[in-house]
Structure formats: structure tokens, C-alpha cells
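Structures for review follow.
Note that chain A is present in both complexes that follow, paired respectively with chain B and with chain C.
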Partner chain A sequence: MKYLGIKPKRPKIAVFDFTGCEGCELQLVNKEETVIDFLGSVDVINFREISSTISNDFEVAFIEGAITRDDEINRLNEIREQAKVLIALGSCACFGGVNRLKNAYDFKKANQEVYGKQHKETLPARAVKEIIAVDLQIPGCPVDKPEVERIVQHLVWDVPYQFPAYPVCFECKQQYTTCVFELGQLCLGPVTQGGCRAPCPVGGSGCWGCRGPAADPHLKEFLQIADEREFSRKEINERLSFYSGFEGML
Partner chain B sequence: MLFKILSKEEFRNFIDFLLKDTEVIAPKQINVNADGKAIYQFLPVQNFEEIRLDYETTDYSAKTYFLPYKEDLSSCSFLGTIWDREIKYRIQPRAIVGLHACDINALLKLDKVLAGDRFPSPYYISRRKNTFIVGIDHDPCEGGFCQSVGADVVTHGFDLYLTDLGDRYFAAINSNRGFNALQQVKTREPTARDNNDYLEVRRRIASQFKPLEVHNLPNLMDIEFESKVWKKWADKCMSCGSCAMVCPTCYCYGVEERITMNNAKSAKIKQLYSCQFLDFATVAGGLNFRPDRETRLKYRYYHQHRGFVEAYEEPLCVGCYRCGRVCLADINPPDIIQDLQTEYQE
Partner chain C sequence: MKTDLNVDVHHLTRIEGHGNIEVQIKDGKIQEARWDVVETPRYFEVMLKGKHFSSAGFLTARICGICSFGHCLASLRATEQAFGITITDKATKLRLLAKHGETLQSHILHLFFLAAPDFLEVPSAIPLIESHPDAVAMALRLKSLGNRICEVVGGRATHPVSLLVGGVARSPDELPGLRDELENALVDLGAATELVRTFEIPDFHRETEYVSLKGEDQYPFIGGRLVSSDGIEKAEQEYAAMTNEYVDQRNTSKWCKLSRESFAVGALARFNNNYHLLHPQALETASTLGLDPVCHNPFMNNIAQLVECVHIVNDSIQLIDALMESDSELTMVPVTPQAGEGVGAVEVPRGILYHHYNYNKDGYIVKANCVIPTTQNNANIHHALNDLVTKYAEEGMKSDRLELLCSMLVRSYDPCISCSVH
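What follows is the complex of A and B.
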């Protein structure tokens, strides 16, 4: 079938997990109504959530998780060599995610607390793009399945994907939400990349910035409005660092 | 205009009559803010008790009952080489009760753009024609400057318009269907005293507005095109687009093509957008002719208070102050207009 004169491709995809919770990978097989068509529009070469076959004949690689060990770096380099398109899937892969919180701690002590005597080698958590070139970043903790579907459709039809230029507020407002600031709560919506359909402010808990910074975020003004509403710098910074999307901007 | 008097009791019967076979939208209290102030929204109601005609204002305007945030313009189904197109713009009749003058004036402005001869939108027109509108007078809302932009009174664009005279309503009738609907309840002709009371209430309302200097604003804006005022305010703007989302007159939109995952259906989806977003003026090839906040904020004000005046001889803004109320950075038309006036005088 052709659409607007274009013939669809059938990209060979593989999904690899690094340091993460596998929540984003699970999202790929989520959404019952469309999952069969979703998986049917691509050739799944390597994806342990649905099959145990392993092959290296893939074109598109989805990377889930942050990079926290030496052996992960080698594996990542090998995947990069094979992949035509390499996609960071989820906030851990895009920014380091919650894993990055550990970077502020003493690793020896942390190791002892978590693993006791069975000490594990660990590096500071990093985003995939800090190690190899990334072609596309799909942020979110977890990723939003409809957005992943659209991105895969763009790969299938071979048209470039444009991430939204608007912040979370846009989709929040379009759902008639009472702004959580009005209710006395903090929200990172004005500076966070939209596209998630704003589930957090719509649910009443404010945005935690899991999708990282919006295009051209106005952090200076954001800090100003948060100060004016008497949120402590500690609370604001904790919020901004939680998913590490704003790393290096604060 | 035709006027009638109906008691509060009869008005209640009138709402019951509407509710029998029509979806009724009216202001409802949905929450209280951190300062204990009630938050209202235009929502479907099931009975008279839910309606709060004494509402001050709503965070969101009623525009999306005419111009939804998101709508399918057309959809296609593909069956092999055959395809089928579906376009839906018929809607069920609906009534909106309790619109203030500014919001009805906003609809009149949208009519000019969307129901005029140049680019009539069947989607908008079908909703507009199928919506029965009952307006109501009220004391000015906090921050509202509708009077300064000539939007505090309304003479058409509604079916009925009520003024509360204490124990009764003074009802202005502006359509056949408004007249016919009122036949369902007991009304009477206004007496000299009713007329007097009505005019008195109107005078009381009008006297409560704080005037905003808007004299010669379009020309002033032209002269102040390079003014520092724009940068001063734009430096605060987070480009969140919330001002346009709540504005009763903003009508900008984008259209996107979506296909289902099995490639069997596609849809053209229209979504309201905002001129404050970074990519609002991005054109083919990636060029953006409004890449900075200053230009974007300035052009929002130019459209509302200058461009629209050139095209239709009146501003687009109806002074409802929703954009000022929603803006976390406290960017608002009265302050900006005031600044421009001050700058000019200096």
C-alpha cells in the first residue's frame, strides 16, 4: 500500500536494556488496541519482552536505561556500529534519569548500603548521548506509547519527526485543568517539554519534568515565579533534578 | 429589541424546559483556589441547582464549545484501492446559559472571522447556529476592562439576555427562537418601573469599571513599535501559550495528519495553537521569522489591538482579563497598554 505516493518501510528494530526499570520497554508492548499493528509494522529482531531470539541484523536500535558500568559502554559501542538509527528511549537513556541521583552520593558508601559485601563496579550514571551519538531522543518516565507509535510511524513512512515546541502547559490547558499553582502547588509544566498529554498536572500533582526541558525553556523566569510563590529553593531544585533532564542548566 | 419580565421562579421553569431536550451548559463551581476563591467553569448541567449565575468569571472561556481545542476535520478509511471520506460537522442543539457580555462579544468577533464571507468555517457555523445563548449582566470582574474596549454591553449575538432586578429578570429578546422559547413560561411586559430599575442597574454596573486609557491605541502601537516596553514584558514570558488557550477570542490553530497504526484510517486533526510558542512562525525549510519572545509577545498584542482593528474596525480583545489571570508571570493587557501610554507621554 502507498500513502501520498510513499511506500512504507519495514524497519528492523531491536530493543536493548541498560540501567533502568524496563518500564519504557514494557510501554512498547502496552496499549492493547494497537499493539499487534504496532509490532506488525516493523520487524522485531531483538526484544526480550516479546521473544528470546537474538540477532544482530537490525537497523533501528532503541536503548533503554542509563549507562552506569564499563561493560555497558562496550555493548553500546557495538550497537552504535550496527544501528542506522539509534534512539534513546525514556528519561534514563535521554538524561540519566532518576539513576543520576546517585551521582551526588559517595559510591563506596552507597555500594555498601545497597549490596553489602557484594560490592558492584559502578560509574557515575550518564545519558546515552554522553557516550555515543544519538539520532533521536524520546523522553518520558515512562515514555508515552502514543508518541512512540507516532515516531515509529515516521520511521515506517520515512518522514522526519518533529517534537513539539510547546511546554506541558499547552496540553494541560487543553484539558481544562485548574493550574496547580492556583492550588498552591509547584509544577514544572512551563519549562518542560510537552507531548506527554500532561497526565501529572491533570491528575493534580504538578509536573516533575520527566521529559526534560522544553525548547528554549525560560528557567530564569520560572525560578522567579516559584520564588514569588514562596517555594523554597531546595524544593525547586529537588524537583528540577529529580529526572536529571535539567542537568547542567541550573 | 423586545423586552419581557420574568420572575425568578419562572426562570427556573424556563431552565427546566430547556433541560428537557437540550444539552445545557452553564457556570458551575469546580474548585476553590489556595486563597479560598471559587473557581468556575462552563460545564453541562443536569438541573437548575448546579448553575451558579452569580459566578464572577471562569478560568476558561466558553469558546471551545464553538471552537474545540481539538477536532477531526475529516477522516478517511482505506480499503485496498478504494477509500471513503467522512466529514462531520453536524451537532446536536445546545444551550449556553449565563454568558457575560464580554464572552458574547467575543463570539461576535469570532463570527466576523469564521462566519464571514471570506473564510466561513462550516464547523464553527454549525455549532454557533445550533447553540441557544442566554446572557446575563453582572458586576465587573476583578481586572476586567471590557468597558474600555467596548465589550461591556452587547446588543446582538444572543437569544436572550438577562438583567437581575432582585426578584425578577429583565429579559432582552434577540431572536425568534428566543421569543418562542420564552412562550413556554409566564412573562409580562415591562412597566415604567421595570424599565427604570433596569436602567439603574446598568448605570450601577457601568460606574464600577476602572477606565483604561485606550484612546488611539492602534496608532500609538505603530509609533511605539520599537518601544522598550515590549522587551520589558517579553523578558518574563515563558512562551507557555496559556494566554491564548483561555482567551475567548484567540482562534489560531494548526492541522496535523494522523494515521492509525494499521494504516487503515487517516484523519486531519485541527488543534488550537498559540502565537507565543517558539515554532508558531516556523515555515517550510525551518525558517522562523518570530524566533524571539519579544516579537512573539508584541505580535500577540498587535493582533488583538491593532491588526484586528484595521480589518474589522474594533479590537479583537474583549477585556475579560483571563489572559492576565492565567499568566504565571503576570503579563497582562492593562499593564502593557498603560506602559505604552506612559512611554508615549514621556
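What follows is the complex of A and C.
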């Protein structure tokens, strides 16, 4: 791959999965029209889900998933030591994601319910940045592949990436969607960071806030409007805590 | 020949999730041959408690990034059964079309990007971009089509946003374009068959019980009766008696059994139990590739996946024709929650999946249970591994070849481990 005749550097990348659904990793091999160029623009050193070539000589590490067990903390520390750049990939890695919902329950009872008398180790779900330093967070459940491609291009060309400051509403309106509020449904579009191209409100289910808060989210005003429209606090809170991107703001 | 052999694969590659293979042979005798799942548990069944019905489908989709549509559909079906809701014919067809998209995407991903490197003797699909450019382009087109179908019907390729309790949020207008792409895909599937025909499938047979949905008048994907090749038949609601989950000390995934110490689910199980309902072209592909029912070679699951792709593409064309002919636009029915319980059984790419919910009268979940295909396969993988090692160790196979064969055996099941430890 060349741009204006200049060969970019091909960063040596690695992809590691922790507690999650591997849907974010899957996005890396989706968008088939450009996937060959995408994989060619980097040097894939360690990506267990698709390759048996495994080496620890990487520069950029993508981390998918939340952290929920001691052995994961050790693995994560080792990766941090090697990586020049460490990127949290997806809402699980950035915020804890849906995994964080389990933190509201009693683990002993939870273990009893799922595994009976056998004890299986589990810790409260945490985001990667709660354990080690993270250089860049790419939120989304799953991440938006075009955005990941843009970010990797910035890495390849050594140019900082700016996430959009605007909320999801902006991208929703661009597609002339009927606002789901008008249909009597709740939507977190006004307070959530844009950049995903608003698939959820466009698809008919409203935004559930997987990318976390927009730059200046006006959460108080949003709650006021939601109250006026008679959405129960229970419903609003269930929505805001779903992907745990608003953790600590409620 | 009396040999000492060791195979120790920590976090097997080219599969979804984390699992280990351990084999120890001393003087030609197996000391140990294990398949263990060490993935971190996530406690989805616990997280579902107290959740509103409108979030169950979105939450459970996150059990698995590769079969998120399947989880969502099983979840919706469980909820709709609990509330006594029947969705419209149009929504039923759209959901099946979305399901087909996911199966196509998942089977092609597994067959050409995860399994094929073993048969073509490369460590991953990346070198194939140079050595087999046409095959890679063909596989990418097919995978892309699967994802496109999901996007058109479900609003996005992974984690659907348009599949809701009560039906499907909108009726897509991109169906005619999809139909053309599906017609072209039949040509690609012909090329895929030619390529797969060159794969050397290990000659290994092991008598196995196969469990799947039972097709009545069509090859089954969503809902219906349950059947095993050992002759057991049950209603969807009786799934627990079909799976008999138990906890193994060394695994974070549970294990299952039915008539024997283990059973198998997945493409090969569906094929074995329902081959008579396949599209004629899919049956032709099966016979070209030497897949005859009832087949007890677990490596043939790879072949059964391709056979299903041929069926799915043909069936999707028929579904689109029916959808375009129908004058009804109705894709959603009103939803009124009621107290009760429901089970949703769906054939996802890796086998039969069950969701089971109990609701209170306000539509909040009181109790939830999900039984995952790979959970049902794990004990069978473990026992099959034992038999495989016994057979080849007796033949005096070397460690590295045995390690490859063990890895290939596990990959044949296309295990989805994070899913199995949900």
C-alpha cells in the first residue's frame, strides 16, 4: 500500500481478547471490500482468533473485553510491558460493557445459580483503563469498522485521531430518520458520542448509549426531557447503565 | 510401536475463545487426552434477572459476536412464547432470511478462514491472499453477502438492532439487489465446492448421537420439535431433558449428555437428522463431496457447513421471492407482557441453542437459562479427542502431526467458547 508514492510504515499489531463476545475482533475481518487492504496496511503479529502465527514482537496491542479474573490482570500487564501503543477496542474494554451489569448481583449466589456447588473464580468486571494505562479508547458494541480503519490509517501515518464531539442525533438526523421520541420511545442519541452512523435509531430500536457520553453530554437537561415525556427512572437508568459508558455519571 | 507422546496446546488458535488440548501418551498408552474450556464466565443468566423484555434480545446477543442474530432470535422467541404472541408471516420470513445471512457469514468464516489453512498447510488465511487470490476473493464475496443480508434485515452485521419482540422493526426495500447477489453466489459456491473437494479429510469415524431440531416440511432453523439420531424426540419446552447440563470440575463451560456419555450438535447433526429436506442442489454438493447420511466422521462437519450454505442461498432466493410477492406490509404486532414462561430453540451455525425465560406480569425477567451449542459439544469433543488419539497413537503417529490432527478435530466443531461460557 502506498499513498502518493510514499510507503507508510506497517505497524506490528496484536489483538488480544479478554472477557467479551469477540464481536469487536470480528469487525476487524468484516467489511470485506477493504479487508485485504486493511490487513495489508499492518503487520499482524498476534491474532489468535484467525492465525496460528503467534509472536510477542508487537508494537500496537488491541485489547478486547473487560477484565474479570486474576489471570487476565497478569496477561494484561505483560501485554502493556511490550506494547508501545495500547488500544481498548470496544465498550467492554473501554467501560466494562454489558459485563458490568453482573457487578450489581451477589457473586456467591450467582455462582451457586450457574455452577451449583463448584466454585468458579470471578471478579467484578472492570474496564482495561482501571488496571493499566490505555493510550486510546475506541468505544462501540461492536466497534464501527470504518472508524477503526480510519484510526489505523492515522496510526500508519502518525497523525492524531479526533473522535467526533457531536452526539448520535447528528448522524441520525443526517439520514432523515423519524425521531423515535416522536414514536413514544426512549433514545440516548442526544447524550451519546457520535461516530457510529446511528445504526440503532435508524434501525428502529433507539440508541442505547454503547459509545458512552458525547463531549458535553447535557445529561441533566436530557433527564429533564425524559421525565417530562414520562419515561420512568427505572427505564432510563436501565438504559444508561446497559453498556456502562455512563458509569459514575448517574 | 510403544512411544511416548505429548501434545500441549494452550489457548488453541483459529477458534473463538479460549480452550486447551492436553495429551500424554506413555509406552503407547494414553495417560491423558483432554479438551478443557478455560474462558472467563460472564453470568448472563444472572444479569438477565430483573431486566425488561425489551432489553433481553440486545443483552443476550452479546453472548456471542459471531452468532448474535441467533441469540437474539432465540431470545425473542422465548419472550414471545411466554407472552403468547404470534408474529406475522412477513416477520417470520424476514427473521429466517436474517438467520440465513448469519449462517452463511459464520460458515464461510469458519470453513475458509479458520479451517482451510490446515488443509492448505498455512498458519492462517493471510498467506492465502498471495497464494490463492481467487479463492480468497470468492470466500470474501460469500462472507460479505452473509453480512449484507444481516445488515439489510437486522440493521447491522453484528448485534442486530431491528429484530424486536413482536416482529421486525421495518420492512427493507433492498431485497431485489440482494436477490441478484444471491444468484451470483451460486456460482461462487460452485468454485468453493471444487476447492473443498481437494481437502484431504482425515478418515476417522466415531459412532455419535446427533441432536438437532426436527424439520417437518422444511430444513429446520427456528423453533419446532427436538430429535436425536438415537431415536429420542421431545417438544421444544422439554429442552432440559434433551441437554442434561452438568458441571465438570476443570471446565468453565458445562457439559451435556443424552443417551450416551456425550452427543454432538451443529451442521453435521442437522444434516444427519434432516438431509431429506435439503434443497436438491445442496444434496448434489453433499454427494460430490462424499457426505452421505448418517455420517459419523466429525471432520465432515466442515463439509456439512458448505452443503448448508448451498441450501441457504437457494432458500434465501425463494424467501425473497415470497416476500416481494406478498402485499402485506405488517412486520410488527402489538406486545402486551404477561406472567409466564417460554422457550426458544434456534439452530445457530454451531448447533441448537435454547433460551428459557420466566416473566412476571410487568414483563421483567424472573429467571433465565441459556443452553449453548458449544456447551453441548464440549463433552463430545473431549471424548472424540480421546478416541482420535488412541487410534493414531496406535498407528505410531509423531507428536507434531498428532497435535495438528487434534487441533483440526477441535476446529471441525467450530467451537464458540466464549458463547459456551456465557
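Going forward, the second predicted complex is superposed on the first by the 241 of 250 C-alpha atoms of A that agree within 3 Å, B and C clash if a C-alpha of one lies under 4 Å from a C-alpha of the other, contacts with A are read in each partner's own complex, and residues count from 1 in each chain.
The criterion applied here is as follows: a residue touches a chain if its C-beta (ideal position, glycine included) is under 8 Å from a C-beta of that chain, and two chains touch if they have at least 3 such contacts.
What you see is a predicted model, and the numbers here were worked out from it, not measured in a lab.
Participant: Here chain A is shared; do chain B and chain C fit on it together or clash?
Facilitator: Verdict on chain A: chain B and chain C fit.
Participant: Given Cα centres, how many degrees, to the nearest 10, is the angle at chain A formed with chain B and chain C?
Facilitator: The three centres form an angle at chain A of 110 degrees.
Participant: Going by the contact rule set out at the top, does A:48 touch chain B (first), chain C (second), both, or neither?
Facilitator: In the superposed model, A:48 contacts chain C only, not chain B.
Participant: Using the touch definition from the top, say if A:122 reaches chain B (first), chain C (second), both or neither.
Facilitator: The answer is second: A:122 touches chain C but not chain B.
Participant: With both structures placed on chain A, which of the two partners, chain B or chain C, ends up touching more residues of chain A?
Facilitator: Partner with more touched residues of chain A: C.
Participant: Touch test for A:34: chain B only (first), chain C only (second), both, or neither?
Facilitator: first
Participant: Using the touch definition from the top, say if A:173 reaches chain B (first), chain C (second), both or neither.
Facilitator: Only chain B is touched by A:173; chain C is not.
Participant: Could you tell me if A:153 is touching chain B, chain C, both of them or neither one (first, second, both, neither)?
Facilitator: A:153 contacts chain B only, not chain C.
Participant: A:184 in the overlay: touching chain B, chain C, both, or neither? Say first, second, both or neither.
Facilitator: first
Participant: A:216 contacts which: chain B (first), chain C (second), both, neither?
Facilitator: The first partner, chain B, only.
Participant: Check the superposed model and tell me the shortest C-alpha distance between chain B and chain C, rounded to whole Å.
Facilitator: 12
Participant: Using the superposition on chain A as set up above, list the residues of chain A that contact both chain B and chain C.
Facilitator: Touching chain B and chain C on chain A: residues 40.
Participant: Okay, in this complex, where on chain B does chain A touch?
Facilitator: Residues 30-31, 33-34, 39, 41, 59-60, 69-70, 78, 235-242, 245-246, 258-263, 266, 271-272, 274, 277-279, 282, 293, 326, 328-329 of chain B touch chain A in their complex.
Participant: Write out the stretch or stretches of chain A touching chain B in their complex.
Facilitator: Contacts found on chain A: 1, 3, 8, 34, 37-38, 40-41, 149-150, 153, 165-167, 169-170, 173-174, 176, 178-179, 181-184, 189-191, 215-218, 221-222, 224-225.
Participant: Help me check something: in the complex, which residues belonging to chain A touch chain C?
Facilitator: The touching residues are 17-27, 29-30, 32-33, 35-36, 39-40, 44, 47-54, 68-69, 72, 97-99, 101-102, 105, 109-110, 113-116, 118, 120, 122, 141-142, 199-200, 202-205, 208, 235, 238, 242.
Participant: Write out the stretch or stretches of chain C touching chain A in their complex.
Facilitator: Against chain A, chain C makes touches at 11, 13-18, 40-43, 45-47, 49, 51-52, 55, 58-59, 62-66, 68, 109, 113-114, 117, 123-126, 129, 136, 140-141, 143-144, 147, 154-162, 164, 169-170, 247, 249, 252, 254, 418-419.
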